[in-house]
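So that you can tell them apart, the chains are marked A, B, C and D in the order they are listed, and the count of residues begins at 1 in each.
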Amino acid sequence: MVDYTYTLLIPLIPFVFFILIGLSGHKMKPIVSGLIGTAGLGIAAILSYITAIRYFWTDHLAESGYKSIKAFEITWLHLTDKLTINIGALIDPISVMMLIVITTVSLMVHIYSLGYMKGERGYHRFFAFLSLFSFSMLGLVLATNIFQMYIFWELVGVSSFLLIGFYYEKPSAVAASKKAFIVTRFADLGFLIGILILSFNTGTFDFQLLTSPTGPAITMPGGAAFMGMSVLTWSMIFIFMGGAGKSAMFPLHIWLPDAMEGPTPVSALIHAATMVVAGVYLVARLFPVYALGAPDALTVVAWVGGISSLFAAIIACTQTDIKRVLAYSTMSQIGYMMLALGVSGYGGENGLGFMASNFHLFTHAMFKALLFLGAGAIIHAVHSNDMKDMGGLRKYLPITHATFLIACITIAGIPPLAGFWSKDEIMVAAWHHNKILFSIEYLVAGLTAFYMFRLYFSIFWGKATHYHHTPHEAPYVMTIPLMVLAFGAVFAGFLPFHALVTSDGMPFESHLDYSIAIPSVLIALLGIGLATAMYRKSNGLPDKLAGIWGISYKWAYHKFYMDEVYLFVTKKIIFGYISVPVAWFDRHIVDGFMNLIARTVQNTSNLIKNFQSGRLQQYGYVFVTGALALVLIFVYLWN
Amino acid sequence: MSIYDFMTMRHELILVCLVLLVLIIDLNLKKSQKHRIIPIAISLFFIHTVIGFLPAQTGELFGGMYKTTGLTILMKNILNVGVLIILFQSTTWLKKEENGEKISEFYILLLSTLVGMNFMISSGDFLMLYLGLELATIPMAALAAYTHHQSRSAEAGIKLILSSALSSGILLFGLSLIYGSTGSIYFDTVGALYSNAPMQVLAFIFFFTGMAFKISLVPFHLWTADVYEGSPVNVTSYFSVISKGASAFILIMVMYTVFHSIAYLWKDIVYLVAVLTMTIGNLFALRQKNMKRFLAFSSIAQAGFILLGIIGGNKIGMTATVYFVLVYIFSNLGAFGVISAISAKTGKESMDDYDGLYATNPKLTLLMMLSVFSLAGIPPVAGFFGKFFLFTSAASGGYYWLVFIAVLNATISLYYYLLVVKAMFINKNDTPIAFFKSDIMTRIGLFVCALGIFVIGFWSQVYEFIDKLTFAIIN
Amino acid sequence: MTGSIPLQYFLVISTLMFFTGIYGFLTRKNLITMLMSIELILNAVNINFVAFNRYLYPQNLQGHFFTLIIIAIAAAEAAVAIAIIINIYRNFRSIDVDNVDEMKF
Amino acid sequence: MNILSLFILIPLLTIIAILFTGNMKQTRVVSAIGMGIQLLMSALLIYLYLTERNAGNTAAMLFYYDAVWFPTLNIHYTIGVDGISVAMIGLTSIVVFAGIFASWMVDYLYREFFISLILLASGVFGFFISLDLFTMFLFYELAVIPMYLLIGLWGSGPKEYSAMKLTLMLMAGSALLFVAILGIYFYSAPSGSQLTFNLLEIAKNKIPIEMQRFLFPFTFIGFGVLGALFPFHTWSPDGHASAPTAVSMLHAGVLMKLGGYGVFRVAIYLMPEAAHEQAWIFLIMTGVSVVYGAFGAVVQKDLKYINAYSSVSHCGLVLFAILMMNQTAMNGAVIQMISHGLMTALFFALIGMIYGRTHTRLINEMGGLMKVLPFLGVVYVIAGLASLGLPGLSGFVAEMTIFVGSFQHTDTFHRVLTIVACSSIVITAVYILRVVGTLLFGPIKNDHFLHLKDAMWFERLSTLTLLIAIAAIGMAPLWLSNMINFSLGPIVEKINGVATVAGLF
């Protein structure tokens, strides 16, 4: 067995730097704190690359298939005689893959932010939070057991909350951060319940035990527990609820668009590349349990993914805030991944979907981060999020333009760029599993191409808006990350994922299925063409079309009124119909009762005061009657 | 029967001599020097108190009419200490002009009532009991009417003398029936012969009402408040602790020894009366503004608590009652001491006058707070222990609900005791009672109370000592 | 010759006196009269004691002595009471019991 | 001299020392020193305790000391600690220490203030170390009564009303307790043999079941009142709202824990049969108060009210977990007591400090304080996160232990209640974020907030003490939970060892 204990450092270093910057950041020069944070991430990144190379290649683990290795573990809390919460590091294909993704993107974002955040108040706070996030995210992917995952899951949520609300003086940002936290928190409740059920029935939190085909989870006796589904299925569905919340799956997605209130690098890191795919990672992590133990739950995953991707794609076509467009596209892409997992089987060829999902996760991280950072550069240049204020920027921002274009092509799925390969695998997997989902994905592919190029054209082409001060290209510290990520977006597709990241660790052969690939490409091209026609030059076409679609356009534009629904539930139901009455009840009924007792005593005392009339003879009366009363009682008792 | 046998009634004899001595000395004092009697009387009584603690012989006299046991001696000593404190506290008030000529009357009357109580305590038959009772009551009426130029004082006097006459009339009627049905007035004989024949039950009730009047149990309590309010403060405190304590003691003695054969009957009555007394007393105390009246009602409630000790009907009850009386003397005298000190200096007796007292007279305030906490039964002061043991005795009889009612009443009482604390500490007042210093004797009296309130609780020997003595009576 | 008048007669008389006294105490408005009613009660008791003693327990004298003492004490009581009543008259200019209610509630 | 007796002695000596202090400065320094020593003592105690245990001493109670007080009634002064009491003592000394510094600036009748504060503390310490029901009860009331003056004299708002209400309700609670204790006493030993107040002795003897049926509700509710058990919790909002900072800290942080501790030590431990039988009623009550308190907190406007209601919710969780009557849940309950104690004390400290600056506690009158009071703001956020159960802070450990423990019951009734209790964490998030969002974030509502001073050194000290404790427990909970577990083991065995009388479920 090979020693990977040092992987412990990968999350720890950012944590240490978080403490360092957090406590003493305000004393040092802003740029210093930024550099420290970046350096920390740099080290982490190097370590994870070393890990990846060792794990996949130099340590020759491939022969018997990639096993998961528990690099390190300690007991953190002792719950019952069976259940103990451990903290540790688990090394296996997907975690290593995630390490690469997170450190790479995070490093890029750090570097980028050095320039982007220049002159901001709370520069050091920003980098402290970034380090905190990186720590939590890395801890999450390295989790050896589901409870450790939950712990870091929460931490990730909080750092996301802090970063979204970074501009805490902006009410909208505060609201957005609150929304994000509470919605995900609600989802996490499902996650927690799922964990409780699962752990109670299996007697363990440990991933290796849970996912081993002979483990207590998968071999758990089935049998309908509730609504015709087994306990395991239910627990897995609950757990997926948590994943859906983090990954902004329909209908828990509403926080993601608002989360764009955060600084753009944050959106790139958290809400495009890493945190939002935690849900996918969760399902992938427990994949054997889903695939072998709870296929019904897996079906749920598939459909949720499919619906979300379509739903988001449609909305994306109508939004005008470029970051929101990207947000919805993220949601739609994650939908792809979920669907891929959903349609996948376990082991060898059947595991295609699993592989594809992770593959797409990887490539998506690259190009979506690129898109966001690009968008950041653009916003940096024109000081606006709305594509209406943009146009003809290509001559002002050459590098941004080039990289952005690459990203768009990639996400549209045009060969030979990365997006094509991963998406194609997903298509194949879907085709083998379920034709309806498959067709949905085709549609989405077209839509994706369309709205991305709509975005692209209306930013860089179209009418040349005259800006009150001419936009200028971002400094190198910002453009270099763009280029690096662009490189990734181009070539990531050639990684032999099917040999590395598979459902059971066994490599298998996957070949391009032209009967599926070619049509998908064509659809993508169609979408691009349409976008070109509509937005290449500014013309009345879009409004006309909008008019034609009419009501449905309006609905899509208003995101199908999901926010309103949520607002109704929270504001009206929870707040208006529960909390207010409860508070009233407490003040007036419960407390009122207590006061009533006191008042009754007082009143009684006023009531009987006339006994003490001050009249000697009345005292006599009372005296004698009292005596006689006693006599009566006594005689009564005595008989 | 030799002369030495009379030493068994040493307390009473010395007291009687003391009274005569004071009288004689007073006759030889000029008008202007009347106040000289104060130190003399106090020192004499102090000596008497000290002598009281010397080992005394126990036994019977007059064929059992008069009994002296360890417990009676203890009780007398407790009363002596209480009276001594009262004498100390009363000096400031007595020195006032208005009392110029009749200072010694105060002592003579007070001490003669004390003689009565001593006889009552160690009475062995109903005749002695009745004698003591009357001797303890009639001079008291005179004391109540002590400041005769005040109409309230006179009213207090008449209310006391007449209603006590009525009650003792009823009591006597009961006694006559007892005599008629048993042919004896000696406790032992009566106790042996007593049964639940209707006439004897009737007799018992009449007797009980008479005693209930003395310790002011509801519904025989109505005189209490008025008399307490009308009388001079120190006399009031004397009523509320000394006479009440003595009567409670003899009541419990008689209940346990004479009427134990019908205990199953009187327990129910005591239950009822206890609940009534506690509740009514508290309900009235809630609304009082005059401190004396307020304490009058609170002392009625306290009497209700005492009944919990009686109802236990066993050794714990006896001990707890005596112990409670001891604690009660100190706590109540503490409170009355402060009131008398203030009313002697300023003549203010209303609770509103006490607003903001802490700012000006912190020491008095603290003593007052200690006393009311002790009365409310709040740890760590003695009252807590007293109540706890009383309730324990009731619980030992299985009267859990009675205990519950009692504790709830204690909570209500805490409310009005806290009102006093609130007045002194929290309420704002533009014209608080100015700072003043009482004379040395008064201060000694107050200090002793404070000491007692603290020590008696923690010092478990006190309780154990009482327990040893009661063991001799009831076993 | 004893027993010519049965004991019950005495008891009936005494009981009547007792309750008459109580009635008087509760109804007469004049303090002096109330005092007299008290005397009635006490005398009822005296009759009881003496009668019981004489009829039931002629061998001992407790009843008689009790009676004597009661009489003595009654005298003392009356003395103090009347003294106070005078005091009342000084302060209230009347000895009507209903005026004596300064302190109440 | 037994080390435990020092825990009562030191406060008393401090009080005496305060009596001799001349001015405000001396007074607070003296009390700070006294409580500092107390804090060190408790650290020492924990150390000694753990070494004893590691040395293999498995006695139920360590540092056991027993002296007869009232022989005839067999009242003893019996003290001793197990893991649970040690933990509670640690909590108490931390909170008191922080409380002293939080009330550094009290100038009105400062001597009396610190005296009553420390008197209260000594009562609490006494309660936690005593094993004799009588002394326990004595200290219990001793801890409650100074509240009246503390709130009435140094409080704010309708202080007289609140003080009176609080005192009377708690005293009514202790009235129930009084009866229960006497009842237990008279059945503490098989008839004929010597009765006793000693917990351990009583535990050896089985109280007759019909007596338990009668006494258990008395005990539970009696302590429950102090533990803010629904519907007897209404003293808590008013009381806390009116109380001065340090008092709220002590009261919510420590005094309310007396309730939970007592329920666990007396009610359940001595009357397991009845506990099993009647648990379901109280489970419903506590389950209600968990959610009810949380919902109540959502709409409150006054910071202290919000915190009071959240305390109702959290303390409800404590009783809830205790009633689950299995080792994990009870362990969680104890941790929750400690964690809530620290959290809520921190909250009240911060609220007091903020109020001292802005002179309002209504959240909608404040806003954007984070900008002007960065230190207090950050600490407040962390406290908030702790209270909504963020991993790495104490709240999470407690809640998770409780939930996992409660989930060990397989029947529907317990399951449903557990889920309900779990759902409270979401509501908690709602009201915490509401406060943080309105109070600290957003634009500054009021111009004169612009030149507010951030925390003074003593305020920093006070808050950081609590904060460090919270974080320490949150990050390394193992030793604490093991310490508690060890002592819980035998107790839980006794509780569940009884032939379980068929309850409702």
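By our rule, contacts are C-beta pairs under 8 Å (C-beta built on N, C-alpha and C of every residue); 3 or more make two chains touch, one makes a residue touch a chain.
As the structure is a prediction and not an experimental result, all values here were calculated from the model.
**Student:** Can you name the chains that touch chain C as well as chain D?
**Tutor:** A, B
**Student:** Comparing B-D against B-C, which pair counts more contacting C-beta pairs?
**Tutor:** B-C
**Student:** Please identify the chain lying most centrally, where each chain is represented by the average of its Cα atoms.
**Tutor:** Chain nearest the overall C-alpha centroid, as shown: D.
**Student:** Between chain B and chain C, what distance separates the C-alpha centroids? Give it in angstrom.
**Tutor:** 27
**Student:** In angstrom, rounded to a whole number, how far apart do the mean CA points of chain B and chain D lie?
**Tutor:** 43
**Student:** If you average the CA atoms of chain A and of chain B, how many Å lie between those two points?
**Tutor:** Measuring from centre to centre gives 78 Å for this pair.
**Student:** Return the distance between the CA-based centres of chain A and chain C, expressed in whole Å.
**Tutor:** Distance between chain centres, rounded to whole Å: 98 Å.
**Student:** Provide the list of chain B residues touching at least two other chains, using ranges where the numbers run on.
**Tutor:** Expected reply: 158-159, 162, 166, 170, 225-226, 287.
**Student:** Hey, what residues on chain A touch two or more of the other chains?
**Tutor:** Residues 609, 612, 614, 616, 620, 624 of chain A each touch two or more of the other chains.
**Student:** Of all residues in chain D, which are in touch with two or more distinct other chains?
**Tutor:** Expected reply: 168.
**Student:** Mind giving me all the chain pairs that touch?
**Tutor:** Pairs satisfying the touch definition: A-B, A-C, A-D, B-C, B-D.
**Student:** Per the contact definition, I'd like the list of chain D residues that touch chain A in the complex.
**Tutor:** Touch list, chain D to chain A: 165, 168-169, 230-231, 233-235, 238, 292, 295-296, 298-300, 327-328, 368, 370-371, 385, 388-392, 396-397, 400-401, 403-405, 407-408, 418-419, 422-423, 425-426, 429-430, 433-434, 437, 440-443, 477-478, 481-482, 485.
**Student:** Using the touch definition up top, name the residues of chain C that touch chain B in the complex.
**Tutor:** Where chain C meets chain B, its residues are 14, 18, 21-22, 25, 31, 34-35, 38, 41-42, 44-45, 48-49, 52-53, 56-57, 60, 62-63, 65-66, 69-70, 73, 76-77, 80-81, 83-85, 87-88, 90-92, 100-105.
**Student:** Along chain A, where are the residues that touch chain B in the complex?
**Tutor:** Those residues of chain A that touch chain B are 601-602, 604-606, 608-609, 611-612, 614, 616, 618-620, 622-627, 629-631, 633-635, 637-638.
**Student:** Which part of chain A faces chain C closely enough to touch in the complex?
**Tutor:** 609-610, 612-617, 620-621, 624
**Student:** Over in the complex, which chain A residues touch chain D? Could you list them?
**Tutor:** 75-80, 83, 85, 147, 150-152, 154-155, 158, 165, 168-169, 171, 174-175, 177-178, 181-182, 185-186, 189, 192-193, 196-197, 199-200, 574-575, 578-580, 582-583, 586, 590-591, 593-594, 598
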